[in-house]
Amino acid sequence: MLNVIVTDPPRADLEQVDKLAEYGVATVHEAIGRDGYLGPAIRPNQQGARISGTALTVLCWPGDNLMIHAAVEHARPGDIIVITTTSPNSDGAFGELLATSLRAHGVRGLVMAAGLRDTQELRDMAFPAWTASVSAQGTVKETPGSVNVPVTIGGQLIRPGDAIVADDDGVCVVPRLDVPKAVTASAARVAKEDKNRTQLADGALGLDMYNLRPKLEKVERISYAEYARRAGEGS
Amino acid sequence: MLNVIVTDPPRADLEQVDKLAEYGVATVHEAIGRDGYLGPAIRPNQQGARISGTALTVLCWPGDNLMIHAAVEHARPGDIIVITTTSPNSDGAFGELLATSLRAHGVRGLVMAAGLRDTQELRDMAFPAWTASVSAQGTVKETPGSVNVPVTIGGQLIRPGDAIVADDDGVCVVPRLDVPKAVTASAARVAKEDKNRTQLADGALGLDMYNLRPKLEKVERISYAEYARRAGEGS
Amino acid sequence: MLNVIVTDPPRADLEQVDKLAEYGVATVHEAIGRDGYLGPAIRPNQQGARISGTALTVLCWPGDNLMIHAAVEHARPGDIIVITTTSPNSDGAFGELLATSLRAHGVRGLVMAAGLRDTQELRDMAFPAWTASVSAQGTVKETPGSVNVPVTIGGQLIRPGDAIVADDDGVCVVPRLDVPKAVTASAARVAKEDKNRTQLADGALGLDMYNLRPKLEKVERISYAEYARRAGEGS
Amino acid sequence: MLNVIVTDPPRADLEQVDKLAEYGVATVHEAIGRDGYLGPAIRPNQQGARISGTALTVLCWPGDNLMIHAAVEHARPGDIIVITTTSPNSDGAFGELLATSLRAHGVRGLVMAAGLRDTQELRDMAFPAWTASVSAQGTVKETPGSVNVPVTIGGQLIRPGDAIVADDDGVCVVPRLDVPKAVTASAARVAKEDKNRTQLADGALGLDMYNLRPKLEKVERISYAEYARRAGEGS
Amino acid sequence: MLNVIVTDPPRADLEQVDKLAEYGVATVHEAIGRDGYLGPAIRPNQQGARISGTALTVLCWPGDNLMIHAAVEHARPGDIIVITTTSPNSDGAFGELLATSLRAHGVRGLVMAAGLRDTQELRDMAFPAWTASVSAQGTVKETPGSVNVPVTIGGQLIRPGDAIVADDDGVCVVPRLDVPKAVTASAARVAKEDKNRTQLADGALGLDMYNLRPKLEKVERISYAEYARRAGEGS
Amino acid sequence: MLNVIVTDPPRADLEQVDKLAEYGVATVHEAIGRDGYLGPAIRPNQQGARISGTALTVLCWPGDNLMIHAAVEHARPGDIIVITTTSPNSDGAFGELLATSLRAHGVRGLVMAAGLRDTQELRDMAFPAWTASVSAQGTVKETPGSVNVPVTIGGQLIRPGDAIVADDDGVCVVPRLDVPKAVTASAARVAKEDKNRTQLADGALGLDMYNLRPKLEKVERISYAEYARRAGEGS
């Protein structure tokens, strides 16, 4: 459904969403059942930022950033703007003026499957951004798309109001209604990992801790001499 | 026209070229009519460098850096060396010895659609470089190409003596004779953006500032309930 | 030969291996005859690290990190773990818990043709890593592969016990028995380059230093006017 | 929501769905408002096939085809099986035995964002397939995913029971409830194009037929001499 | 120089251009000094077509085919339309209606660095096409570009009126004024290859025919036993 | 070990190798334990060819086909020439003259991780070829590489004399000494698949035939209504 702006999408509870940033992308992704990761193509424009917020979604036509401007007046404090295009496009649809505008409306950062420019300026102003490309190529403002409709990035469906968490490992989406259990499960996972970390640092083996030895049952342990014999090397 | 070295290409006025670095890639690209950007594949080897200069162009065969050596004696102070290959190739044709040599002849930096090596050393010696790949793979010095002929990177034609501007957003070429108007137009754009930035920071909307509302005429604004109804979700 | 763990592969002399880190990837690659470079797709997770060690090789199934856990008990101090998958896969098979575990067993770092996660944590704990992708996508622990069999990354064969050297330019493998001559040849190359560097910094031309002028014999040197005439531009 | 099999998803009216194949992918995509195209990465395994059907969706783990087997018992005559993986993977998850099995249950063809094998056999048995990769690489049957949940390919959301149309141009999805209007709009588009085609074949210009001249208002028409003068070529 | 239409570009002699099709892409590319090949990304939409003609060039914005419509009235019999976009884009900017229109104006075929649709229809109507992508994704007609300005595809500069030759190996451009010598050199090359082919079919070695043995001077010929010894395999 | 020609590599028994072509790539790959597949990037230049033979390996420098010429005099009837480059390169290193020459020496076909040209001529002369790219771009004959040393394509190690099998699904390598057991295992697999095919055509489920139901234990079967409730759609 193209060419619509949804004006009042429901939204995850922001207090809960805020907690996701404490856990980070890998933990949240695992905690919700290995789901929601936007893939390795979405990379941070800075090092060390970790944020969470609610998705303000934008669907643009390639080489056109009209709808990003249209989205600003629908921004709510705590939002992260999530932008994609109707077909893959790397043009520089977003730069520091848009960041300035969005920050004025309470937006915390950017996730984009298109091109980012003014990358140094965005780092200087500490506006965190994750993007598929860096490109200075300019865009036009001609063709309408949509605001606050479901979009997909890296195969993941992102609905307006879903929770977004982003750090140096990339970006993860958590469906709006699943945020509370994501928070709980993330906390549990961190607690478990803290315990595992201590044991591993002491030299314990994951094979034993996670009970993986039965899965290696069919794996032969052989000497190098036997390996060389089988491979026929040097024979 | 392969296998030629052009010895005396005309060259943009260096004083004018120097001014382009003040404005940066995105601004210059917009100022010349959204033109000249070398695309998102050419990435900086360092963070925070911004330079401009005139193009010393080199066309190499894949896996061969003979012509880079041939180019050195044609370098002029203020040049940026611009290297490409006759077919796509990522081998490490350029490293710190060539940078040392070119710097001794007044060259300010490197733009390359091939592979760069000694990346840490280049950062240490503050020789700025933009490249399509980082690769330690060695090259031979066997097959002639050309120096100071027109080359293309990212779909853009670069003639020897054209102006090059490069920063964290990538690289832009400005045709030799267009440099003065690029400087003027960049200055005008920066002035306009300064004004826009102030307004946007105060909460003004780009929709209003750029008079974009007429372009959203056919975009329906609907409630989430209406959206859900149309999408047939849950019905 | 899948589904084997080789328990006692021979190994390059660690004292010799340690010396390779002094020279770095580009030098070692050239010194062994332009060989062993793992290609531009394997990139560092940090800036400025330079390490060497012996290869502890792991072959995993896509989306599965069972064999990394299996590899830990075969780690030897001085090893670098080298991980690939039976088909290309970017999932986040390796993170800080595995790094903690491997470090406890003396492993110096990671080279991986798959996905890395916990990238900030790995930088924080100074565990150096080189990887084809960054991805938080979780993996399962179900399907056996192999440990300490020959693997390939970037077209290079890596046997267990071979020497690995890695820095900002990427990663190079040196066959186990070739390490001593790699050390000697690297030292010779560095000495030669130091001399060349001095001359190049003084303005000497590589064309003369490397005796390349005969190779330019068939390259015509022409004026820009002649070039324009031939190209038919403006005629 | 991973690891579920939805047993009774609603489904587009098959009689209506059948009509979409008459119009083909490009027409249907345009008719529904330039929406639903699965992108250029999904290519046909044969030339000249054009089919439509309802989506039987499958979400697999990379390198694992367990869930394709699980999907067979949920197939309904008239379905097209639509398969993707939780992260990008090209392994050969589907071949002629699965095609034989699915055909026995009334499935009309395959759309897959993974790897296809037995490509010649599938052509011989006239089982039409569209796929992101051809690969003989075998898969395991270990890790559960889902059947008949929403999946995405090429940025498009595909719900079980949605209509799929596929031909030499690729694949398009039509949301279940939009099929009737897609049929009507496609018919209207074909009628209009038939009329346009006749005029264009007679030499009429699209500029006039589509009233595009106002959009070229700002485009200067200049002579080649003027162009050369401005470009400064030869001057 | 964007947003111009050049109305009367000079043009290679069509009678000479026609002869290029007799020789094909590989021969012509070699005959002009290994130049002009548009690279492996531009693939034929059909098998067995071989055409030549003069370039009618079009520069479009991504996702926009307005300028293709603008180009039609500047087509001249014998032209091949050559289309690219200001940034990489795979959308289906060209289909059978445009082919119908261009054919009515004497255009022989299409070369495009964007997306093609109606691929089966184009084969059915025998309108030969070479393209970077196949895509049904629709485009808008909003943003002006240029007609008959120089464009680049695969790193090659194509001026309006240059000769284009295309076959199953891809596409080659010959600068307008170089066509006569390209024809002569192609004929000479074919004659030489005919002679070589006969000798090679009789078992002669290229090593001897092309006098390559001196170039193998430094290549050691060793037995397999010696190879195995050096590689240290099995020792 | 670069710059060597191994003159007498051992070789798989040709009579056994010939049998592999009866089974095809997917079957042989599975029969040897899901190993040896050269990946989806190596595609056939023709449809319907299926061949097997012994590997004559060639390692070239990028953009250089000198060593292919050097390989011809080491060809043995029944060989398939297997060519790769020291770094990725798509140039057209192989065409119909080399095919003519190799055929005269008994070579059955080509497998190449570089560029192929004269594609139509090769189909016309029925010389089967599998390649990573089609490209007319010419190569030089300057820089030595190796003949009959181990090479890798798609992560697989190919030793001279190993068996190669190739069809529409791609290419598989079988280590020289493993060929007899590959033949036996392939025959067994075909027999088993014939039986399975009959059952599947009759409507049997793979879930039952392969005893997969226990692996779906943790997969919930839910109604669409329940799914919609959980997903919170429309709530």
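Labels A, B, C, D, E and F are assigned to the chains in the order they are written; within every chain, residues are numbered from 1.
Here is the rule we go by: a residue touches a chain if its C-beta (ideal position, glycine included) is under 8 Å from a C-beta of that chain, and two chains touch if they have at least 3 such contacts.
From a predicted model like this one, the values you see are computed outputs, not experimental measurements.
> Would you identify the chain whose Cα-based centre sits farthest away from the centre of chain E?
Comparing chain centres, A lies farthest from chain E.
> Relative to chain B, which chain's C-alpha centre is the most remote?
Farthest by centroid: F.
> Same or different interface residues for chain A and chain C, judged by whether over half of the residue numbers are used by both?
Under half of the interface numbering overlaps between copies: different.
> Counting C-beta pairs in contact, does A-D beat A-B or the other way around?
Most contacts of the two pairs: A-B.
> Could you state the distance in Å from the CA-based centre of chain B to that of chain C?
It comes to 28 Å between the two C-alpha centres.
> Could you put a whole-Å number on the gap between the CA centroids of chain A and chain F?
37
> Between chain A and chain E, tell me the centre distance in angstrom, where each centre is the average of that chain's C-alpha atoms.
Between these chains, centre-to-centre, one finds 40 Å.
> So which bits of chain B are touching at least two other chains?
1, 3, 34, 39, 86-88, 90, 135, 137, 142, 231, 235
> Flag every residue of chain B that touches chain A in the complex, lowest number first.
Against chain A, chain B makes touches at 25-26, 29-30, 34, 37, 39-40, 43, 47-48, 50, 167-170, 172, 193, 196-197, 200-207, 210, 212, 215-216, 218-224, 227, 230-231.
> Considering only the defined contacts, which chain F positions touch chain E in the complex?
Chain F reaches chain E through residues 1, 3-10, 66, 69-70, 72-73, 90, 92, 95-98, 100-101, 103-105, 115, 117-120, 133-138, 141-142, 144, 146, 148-149.
> Could you please specify the touching residues of chain E with respect to chain B in the complex?
Where chain E meets chain B, its residues are 1-3, 33-35, 39, 84, 86-88, 150, 152-153, 155-157.
> Which of the residues in chain A come into contact with chain E in the complex?
61-64, 86-91, 135, 137, 140, 142-143, 228, 233-235
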